[in-house]
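Take a look at the structures listed below.
The following pair of complexes shares a single chain, chain A, combined with chain B in the former and chain C in the latter.
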Partner chain A sequence: MSLLTEAQTKTTAIIIVAIVIIAIIAGAAYYLSQKPAQTVTVTQTQTVTQTASPTTTTSPTQTVTPPKIKEIKIGLIEPLTGAHAVFGQEAKQAAELIIDVINNELGGIKNLGGAKLKLVVADAGETPEQAKLAAEKLVAQEHPPIILGAYISRMTAAVAEVTEREKIILVMDGLVDSLTEQGWKYVFRAAPKASAHGKSAVDFVVEMAKKKNLTIKKAAVIHEDSIFGTYVAQGAIKELVKYGIDYMAEAYPYDISDATPIVSKLMDYNPDVVISVPYFHDGVLIAKTIKEMGFHPMFIAGAGACGYTDPDSIKAAGEAVEWYTNTYSYNPARPTEWNKKIVKMFEERYGKLPTEAAGIIFYSLMVVKEALEKAAELHPEDPLNPDNLREAFLSLDLTDNNSIAAQLYPTGHIKFAPNGDNIYAGTAILQVINGEPHVVWPDPEPGIQPVFPRPDWPGAKG
Partner chain B sequence: MISIDPSLLAQNLVNGVFTGLLYSLVALGLALIFGVMDIINFAHGDFVMVGAYLTYVLATTFLIEPSLTAFITMPIFFLLGIVIYKLIIEKVLGAEPLIQIAVTVGLLMVLRNLALMIFHAEPKGVPFTIFTQPIVLGPITIASSRLAAGIVSLVALGLVHLLLTRTKWGIAVRATADDREVAELMGINVKKVYAVTFGLGTALTALAAALIMTFSRADPYLGLLYGLLSWVIVAMGGLGGVVGVLFSGLIIGIIEALGITIVGAGARELFIYLTFFFVLWFRPRGLFGRR
Partner chain C sequence: MPGTLSKKLALTKERLYSLVGLAIVLALVPVFLGFNFYYVLLATNVMLAASLVAAWNIIGGYAGQLDLAASAYMALGAVITGHLLASFGLTPWIGMFIGAAVAVGVAVLVGYPTFRFGIKEVWYALLTSALVVIMMRIYYLIYGSFETYIPHMEPEWLYLTFRRYEVYYYMLATMLVIIIWVNLKIKDSKLGYYLAAIREDELAAEALGIDVRRYKLYALMIYAALAGLVGGIYITLTGILSFRLFDPWLGIVTAVMGIVGGLGSIGGAVLAAVILRSLEEYLRGAIGATYPGSHLLVYGLILILVGVLKPEGLASLLDYLKKKIIRR
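And now, the complex of A and B:
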């Protein structure tokens, strides 16, 4: 009882052509939409005048500055328009706030005679090509010695091509590991890279289990298979191996239509904890399926800052994401003097809490300030020389006691390795408790305790 | 992962059957429209996406169980289908395939970007549903939402089959599909048959979307996923009507679930398209293709 009788060969051919075309469109769309939600790249350009030490810096001894520097331009290249604009705009707001704080409250770069920072901004658009063009233009017109950017990792890589060639320091807020694996000389990244997110998720569950006298013998890592998700998962797996925990790992395409086969596989393996790295939308599907299939492990921890604990995911998944956690590159609840102050200022100025996109800029830009102070101290004759700046970045060892930057950072410690990554990189962890996201680790919000193990785990007492 | 637990295999066979039934329902509207009208509707998957958003809006605004919104969304989509047919599709009937492709791809782009504009890229889901408890049968756990989706899909496929084979309207549809000009000469109002077919095909996507929203979410790119899947199912079924769609949907669902179990979820699409190529290699006209 076929519906069609004639010209079937022709129609079959047309269908095949049609499918190929859809596949091409799908591929293109997938490429374009890769992980928009999660990597936050913030670029800030700063022009920096030389300053001295990052600690309470000594007042500007004027003997130090043969070339008198009054203003230092700091570049910021962020996606201000297009699909990722929400992140870029917030990064820009954060950069403007911090620049004001440095210039007005902190008196500029003290070791450079109080030189002021001037933010010069460029729009990275939504593609690597646009980002590269923005970098070329910014460099040609403004010549900033330091640039921050560009949130989306592939766009950050495009900006780095320009900054490396021009010997400009790039402080990256793109999180994919490979950005610091290219042998680039002038790149730095205070933010926790993708694998650090995976590592933090495992460190959190291991620490919690220890506290409650529970043993984690088996873990499952499920992750969406983009570059970002894969790096996050690798970071988690490496840490599981370190702790001697058996594991299974499963990669899946983020646009998976049904999660029952994956959840069935999880239930068959029956791990104590699940480390899940969602893309964004898939998190809703996975959480709902886990709940509906009645799978009750000791704990389910998200990693990679995407999904589960953001307000949209909580609204979409409802009770299914209760007690889920996720890792974030910034902790707005960290109870240090300067973090409380900056969060309050941000809220007063923009009427919202800073998210990860702003947080990365907070500490990255403060690191820039410290580096400028240091460069002025080490090389008063030419503090803005790229190699002198690089030396200054590498010689920083910032902690809560000696810097504002570290007070804004989840682990409270920033020290750069030769490849540009922070040796003490780590994330904060948010947990959904009664339908609201709360920071629970390493510095929990006041009055909040992490819920561990999950109360619906059969082994949980009471 | 070489040794596979038989109960896991059975579990995923069950998973695959229910998912496959839902896939068949998603593809049914496309099969109907393509089979009868010879129109290549690239926007089919995006109708599912729009349906998912409509379900989300209705369910969360009026606090209705998402699957029940189908009673509201199906009539709306039926009318929407007729309007789109009148405004866009009718103009390109019998035109070059390339023009038809351009028109429906344009429609797809409009729908997708509208969704991006209105709802942004954040996932939207209905945080409540009556399907929360699994049904446990020995070693096999069945998610009740998938069971419901599978049963409803099967019933819908059956009804459409009866509609086509047992009613006067169905005879007119099949006659039109077989030969438009002869049907017209026999006094069948072909334009009307086309409009209703397009409306029905569109309404079916709303039903599928309501079922999907009991366990998944709406996002602007949902259309890509279901559009491509539908085309594979229709091509594999060889335009063999409802039966062809049913069987090729089931095959895709089972292959997908078993592939994920045995090899891994990362290669999900590989299994689907390998199956597709093998079927067309050995049966170029599809499983139920007619000479």
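And now, the complex of A and C:
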């Protein structure tokens, strides 16, 4: 018996030895691996030398002056599979279209001697880990100087960790506010952030009320409680406070099956306007319940680009969503030359209208093109250096007159703040009029006037 | 008597050598991968899956309880470690043990009444899968849908916020070796024999005088502690805290890997985790972007093939190979 105990002691001893071996090798390996990574660690700080920049695989001749860049890789990391695949797929289609337009119709990047763009795509999957793996894979295999992605906030955050380390510009199409509040240096976001959606909805309502000589005293904000919905609602509340409007706020899970309690609360509070941030099905439910319970406020405005005014919601809710509005990061009806052209091309190629996910990629990718042109102008010796690229992004001031990117943007103006957000961010508002969605704000479609207040509001007759 | 003793000794030795061999192989993996960020991160994710499946093997393999709550205990360890780090700056070296302790506490809270009232088989599976959702809801009530990002902190060794993945890999590899060792220890101990008896026939075991409830609870506690520790390391790797960490799907996948590996076979379980996780990621990377969703199809097909051709799991394959080698 004592022999066995001895053996067990031995077992324990050897296990410990095994762990120590692992630890030693780990330590040695880590030490060794730190050496080549030294440049990365150094470049994390502000002092950046030209030589420290990672040379991109696309241009081995980059160090030779003048640089001859024939092809620039643009990374796209989107959720192509899983729960968010609908958005990722549309974003990918949009990116392919815009890359074709830039390469063929616009002759590539002119300031770089007509260098072509090459899209390299990775699937971000469903979780932050998968997104991070996708980012590492794309970086290891292609090392594009610029990456676009990843729509869902936590996945975008995971990608950003990789792009920050590698000093790759990340043009984000995730809208959650906190993404530009992490102190990341190489991130940009042309799209309006979540709170800007809420703000737009309030601005629209206030502007319309002023036009019609109506006053808004009380407002209610109801929102689904995802991170996105919460940020949209916060943006709306902040704006309501600014205008001195009293408000109540109510959060609910997006998968509610009964909206009666929410609508009852609304009716008790009896606000002049309702700002609603739905997901999809909850919006249908709320609209139907409001109609059934006979609640007639001055106006009901949606915010956050989900529900109410999309074709599926109109189909599902029918007359209940008449005169509802919603805010969008992209305005497919914006009457500029290039917007009309891109929308037409997208429709011809994919047989559907571009929505939110595609729209954001349209202008984000065009902004990338402008930034590359600018970088080539400012730093012809090394345009793809991350810091030169960053400088180029920050020096952009795009308007309808000087760029295609701004023509595709709802407000027609793009200029980046140091944190990477667009200073002139804004949304377009669509309203359901006679069962059809129409753009009513800020530039109404030709022949369309916003319906405000709601015709079924008791005060509308007077 | 001396015969059985020496036989037992030989077995232990054989196991020991394979464990040391495994440790050396695992230690050398990043070197062979050339310290490439992508491959090391991938290997880290594989280690994560393998550790979790190895921990699951204690309750699922040895005790024979179809537990689907691996992600609940793991996420519990993760969010406690993560929030202690993000809010109070407490080093994960301590945080992960607190997280593991809390995971054990929850395991006792859930396990005691569960085993007391004799909930087993499908009912136990249902209960544990509900546990993940309940934990998710509780987290949601406290933190809402907001995401907390753990920032990069210095010194890296204290806060485990490395920009490279090697350290995480080695931590999880060490964790895996420890978990496998715990598995082997349990298998050889009184607890292991009792658990085997419970797995084969719970009523018979009880009739023989085994305190079924107590030993099942022991197995559950060890499993929860290990899963909680793995979660603590995991959160320092991803750095994103949200209610989605309580992922019911991950709980199911962990059980699937354990079953594909062969119930009660630690080698098979680890092998299954390594193969399936790498395969999943390889397929997603290789064809996921071009033909979206096709990788899931292939993955599913492979699972079915294993189920049809090797229903006893990969463990039988391992045994077969071992016999071949020894015969030679």
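By our rule, the second predicted complex is superposed on the first by the 395 of 462 C-alpha atoms of A that agree within 3 Å, B and C clash if a C-alpha of one lies under 4 Å from a C-alpha of the other, contacts with A are read in each partner's own complex, and residues count from 1 in each chain.
Operating definition for what follows: a residue touches a chain if its C-beta (ideal position, glycine included) is under 8 Å from a C-beta of that chain, and two chains touch if they have at least 3 such contacts.
Treat the numbers as computed from the prediction; the structure is a model and nothing was measured.
> Please work out whether A:A317 is in contact with chain B alone, chain C alone, both, or neither, and reply first, second, both or neither.
So A:A317 only meets chain B here.
> Under the stated touch criterion, which partner chain does A:E250 make contact with: chain B (first), chain C (second), both, or neither?
first
> Look at A:L133 in the shared chain and tell me whether it touches chain B only, chain C only, both, or neither; answer first, second, both or neither.
The answer is second: A:L133 touches chain C but not chain B.
> Under the stated touch criterion, which partner chain does A:R165 make contact with: chain B (first), chain C (second), both, or neither?
second
> Under the stated touch criterion, which partner chain does A:I19 make contact with: chain B (first), chain C (second), both, or neither?
Once the two structures are laid over each other on A, A:I19 reaches both partners.
> Which chain A residues are contacted by chain C in one complex and by chain B in the other?
3-4, 8, 11, 14-15, 18-19, 21-23, 25-26, 29-30, 33, 36-37, 225
> Where on chain A does chain C make contact in their complex?
3-4, 7-8, 11, 14-15, 17-19, 21-23, 25-26, 29-30, 32-34, 36-37, 40-41, 44, 80-81, 85, 89, 121-123, 125, 127-130, 132-134, 136-137, 139-141, 153-154, 157-158, 161-162, 165, 176, 178, 182-183, 225-227, 229-230
> Quick check on the complex: what are the chain B residues that touch chain A?
Against chain A, the touching part of chain B is residues 5, 7-8, 11-12, 15-16, 18-19, 31-32, 34-36, 38, 40, 42, 97, 101, 105, 121-128, 131-134, 136, 141, 143-146, 164-165, 173-174, 177-179, 215-217, 219, 221, 224-229, 231-232, 234-235, 238-241, 243-244, 256-257, 260-261, 264-266, 268-269, 280, 284-286, 288-290.
> For a test of understanding, state which residues of chain C touch chain A in their complex under the given definition.
Contacts found on chain C: 5, 8-9, 12-13, 16, 19-20, 23-24, 26-28, 30-31, 35-39, 41-42, 45, 144-147, 149, 151, 163-164, 166-167, 170, 173-174, 177-178, 181, 238-240, 242, 244, 247, 281, 284-285, 288-289, 292-293, 295-296.
> Could you pull out which chain A residues touch chain B in their complex?
Contact set of chain A toward chain B: 1-6, 8-9, 11-12, 14-16, 18-19, 21-23, 25-26, 29-30, 33, 36-37, 83, 222, 225, 250-253, 255-258, 260-262, 264-265, 267-268, 280-281, 283-285, 288-289, 291-294, 307, 312-313, 315-320.
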